[in-house]
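In what follows, chain A forms one complex with chain B and a second complex with chain C.
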Partner chain A sequence: MNVADSAPAMNNLIGSDADSQRTLYPYVTGTSVVGIKYKDGILLAADMGDYLACHDSGSYGSTLRYKTVERMKSVGKHSIIGASGEISDFQEIMRYLDELILYDNMWDDGNSFGPKEVHNYLTRVMYNRRNKFNPLWNSLVLGGVKNGQKYLGTVNMIGVHYEDNHVATGFGNHLSRPILRDEWHENLTFEEGVKLLEKCMRVLLYRDRSAVNKLQIAKITEEGVTISQPYSLKTFWNFAAFQNPTVGAEGSW
Partner chain B sequence: MCRTCVAIAGADYCVIAADTRMSTGYSILTRDYSKIIQLADKSVMASSGFQADVRALQKVLAARHLIYQHQHNKQMSCPAMAQLLSNTLYYKRFFPYYAFNVLGGLDSEGKGCVFTYDAVGSYERVGYSAQGSGSTLITPFLDNQLKSPSPLLLPAKDAVTPLSESEAIDLVKTCFASATERDIYTGDKLEILVLNASGIRREYMELRKD
Partner chain C sequence: MSSIGTGYDLSVTTFSPDGRVFQIEYAAKAVDNSGTVVAIKCKDGVVMGVEKLIASKMMLPGSNRRIHSVHRHSGMGVAGLAADGRQIVARAKSEATNYEKFVFSLVGFLCLYFTSSVKLGVYGEPIPVKELAERVASYVHLCTLYWWLRPFGCGVILGGYDRDGPQLYMVEPSGISYRYFGAAIGKGRQAAKTEIEKLKLSEMTCRQGVIEVAKIIYGVHDEAKDKAFELEMSWVCDESNRQHQKPLNVPTIRVPGSDDVLEEAKTAAKAALEEMDAD
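Right, the complex of A and B next:
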């Protein structure tokens, strides 16, 4: 904590040279992650699409570049992480976490980091990067079960973090949380939980322009982690308004 | 962002309260987030503002208190914690903690004390205080109910309220129920901590969720 440093550090950060030293905007991004607690543990859902971003001159516009991106990974024995935002930053976070878990294992003391510990570590990393004006451009969901205790938390690029029975990143906060607030309850079975998540993901698919119809569901219980094979949701587009869109306005499209 | 907190000092108690809503822009992130932390036996801090900074500040103060306990073999008094909080905030004068704090507790004589802060550490001992988005709604009401004698009067008169503990708690509940009506950032649930000679007690009250 050296206040004497921070004034000159600010000077260095302002100016186009210094901009090459820190993240200014995201480049390849994934969209919402949604997570819920259920009877036996935690369920996470995320789609597999990554977009190349539109920025200042808009060189890519918004291109769906990658369609097989795993945005959920297991962390140690007791946790899973789901990420939205800049994928390269997520990959760096995974390197940090791999090192964290490695050092934890090297103690060889019978203890292992649970989801609370991993979430706390991530929160500190995200906050400190934000304080150095070089954020990891992600919103993360961290869930897990240890010794029967379920944990579900989230942290974003500015370090804001909290835990709850259901969490979501990005658009998920606007579209999925209201559904979850209405329909989530303790003791959801696995099937009920998946149905609920699919309902959330379907709304996101209809209304989030950066969502794609290829998703995975990740489950973590005391026994361990399972990440499903990718699959797609059934959608319905047969609304009358879409059938003959130019009726009454011949010549338009 | 966390939004509203209040503290009231009594003759032998202190009431510290904050809502449990955490919001960003027009979205509610969670309805059940505690902004209150007990830093020492007789010091409780409630903070509104940028949540990540609030949490970092809480951790720094908790760590410093632990060191104090190791070095002095006793708990920090509330006035001592008040000074520590001020110094900690001013330390980041040129990259501040975006946190608006009230510190409540019992002083070394067992009397209730409340300290109120701005984001860079300016502080003052008062009889009551509100911080955060709801403070503009709550402070005038508390002024009306708990009118302090002017600090210019001689001999100096106590700012702590003559109200009883239960009356002060009711007052706090009224404050938040009213603030919740008009401040979009305040609501969900109210968390109240009461600090007195017999220890610390926690109470909750539901608030409007809209």
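Right, the complex of A and C next:
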């Protein structure tokens, strides 16, 4: 301890010892999650790749270390959550949510937390952690159906939250949402919704360096939650510009 | 039957010359005067039923719960002083949650309020029913050791389903806890126990058990002494996916499948009662 004064207020200031108490950078991260409302409920898509960050900042890039991590989970009876960012923080968020849902179940008053309530709870948790300079390093998508009402929202590590007909995290915001703004409409069927999500995920696959070609689609309707088995998208690389890439540059490397 | 423990019954820290602690026995009397709680362990689960005596016609049906979920896989039926019962249930909930996951959140903080020590037992699996019963019993017993605390005036029947199958425990105000395949506490316990002994529990499923428990409760209810009562039931069995569920008796609340079970049980019980009266 470099300071003899151990008053609690000091712990909140950014200091060299205090750094070990808070998240500085994420270590195992997942990439974008994309979500849309459709006729019967909500569809979420996320890939299954998790990257291990480099050891000292900036030298080695990162390694695709985990390829079977499920980044989408169901929450209670009415919601699903998809997370990008630090996976260990997502696991911690799941513990908070499991406890929340358990207490709600035990209360047993005929009502159960819907997606709006869970989203609000998550927003409070994320914002309060941010204010203590110890954020949960995630961007979350929260969607669900309760009593016929569809709900889709997002919240990220600084506590920014909103709901919309289509949401995405990370790169998805830049690459997928423009597509969704043009092509999303009310009352998409399930097949149309999946096709639209696949279109978004394909663009992410081509352009996001941390995307991986193994994705899952999660669906939630009034009846319940289904998370699909992982599958891959077809990609096309046979562009003329990729044939004979070294033409005109023989002798160089 | 009741002996006067003059002079030796003023404190729970005093023994009588014949080795009894009268305060604990008096606490048990509070349990004996309350509505009956009956529970049976069937082949595939545990069924619990409570004869909830209605104090006033203005009470809303479904209020004043006597059966509480303690965790996903277990529930507790309470007889005796209701307020004491709430405290025991709260403690049991806290033990169960801490055993599985110790989460340092706001809700977890409230748990700390109830448990005097932070048990960093993050075992990652739902608390075994035996362990939960031991912890509850030990807490109830704790309150019989100090002169500045009074014993709990309630008995508790704990039914749960874990790796070792369905189990049923009963905890008395003295802190004694035994495992049972059929248990009853409260006013009609003698009659209820006789009825339970007649049942072939090892061959019964919970669906049948629900009807039997309803029949027992309707049977032991004393129409002359206490006018109205409400039947509250719950089960935890294979059919309920090993979750503690209530076939609720409030019309506005629907739990899939179980509302019919409760109504079915009530009709069968009333019919059985009429049959008995007809003889």
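Note that the second predicted complex is superposed on the first by the 231 of 253 C-alpha atoms of A that agree within 3 Å, B and C clash if a C-alpha of one lies under 4 Å from a C-alpha of the other, contacts with A are read in each partner's own complex, and residues count from 1 in each chain.
One rule holds for everything that comes next: contacts are C-beta pairs under 8 Å (C-beta built on N, C-alpha and C of every residue); 3 or more make two chains touch, one makes a residue touch a chain.
Quick caveat, the model's predicted, so the values are computed rather than measured.
Of the two partners chain B and chain C, it is B that touches the larger number of chain A residues.
By the touch criterion defined above, A:Y127 lies against chain B but remains apart from chain C after alignment on the C-alpha atoms of chain A. After overlaying the two complexes on the shared chain, residue contacts for A:E223 are found with neither chain B nor chain C. In the superposed model, A:N173 lies in contact with chain B only, and not with chain C. When both complexes are overlaid on chain A, the residue A:E99 reaches chain C alone and has no touch with chain B. In the superposition on chain A, A:D108 contacts chain C only, with no contact to chain B.
Once the two complexes are laid over each other on the shared chain, residue contacts for A:H161 go to chain B alone; chain C is not touched.
Residue ranges on chain A touching chain C, taken from their complex, read 95-96, 98-100, 102-103, 105-106, 108-110, 125. Residues of chain A touching chain B in their complex: 1, 3, 6-7, 10, 123, 127, 130-131, 158-164, 173-174, 177. Residues 65, 68-72, 93, 97, 101, 103, 105, 107-108, 246, 248, 250, 252-254 of chain C are the ones that touch chain A when the two sit in their complex.
Residue ranges on chain B touching chain A, taken from their complex, read 22, 24, 27-30, 32-33, 50-52, 55-56, 91-95.
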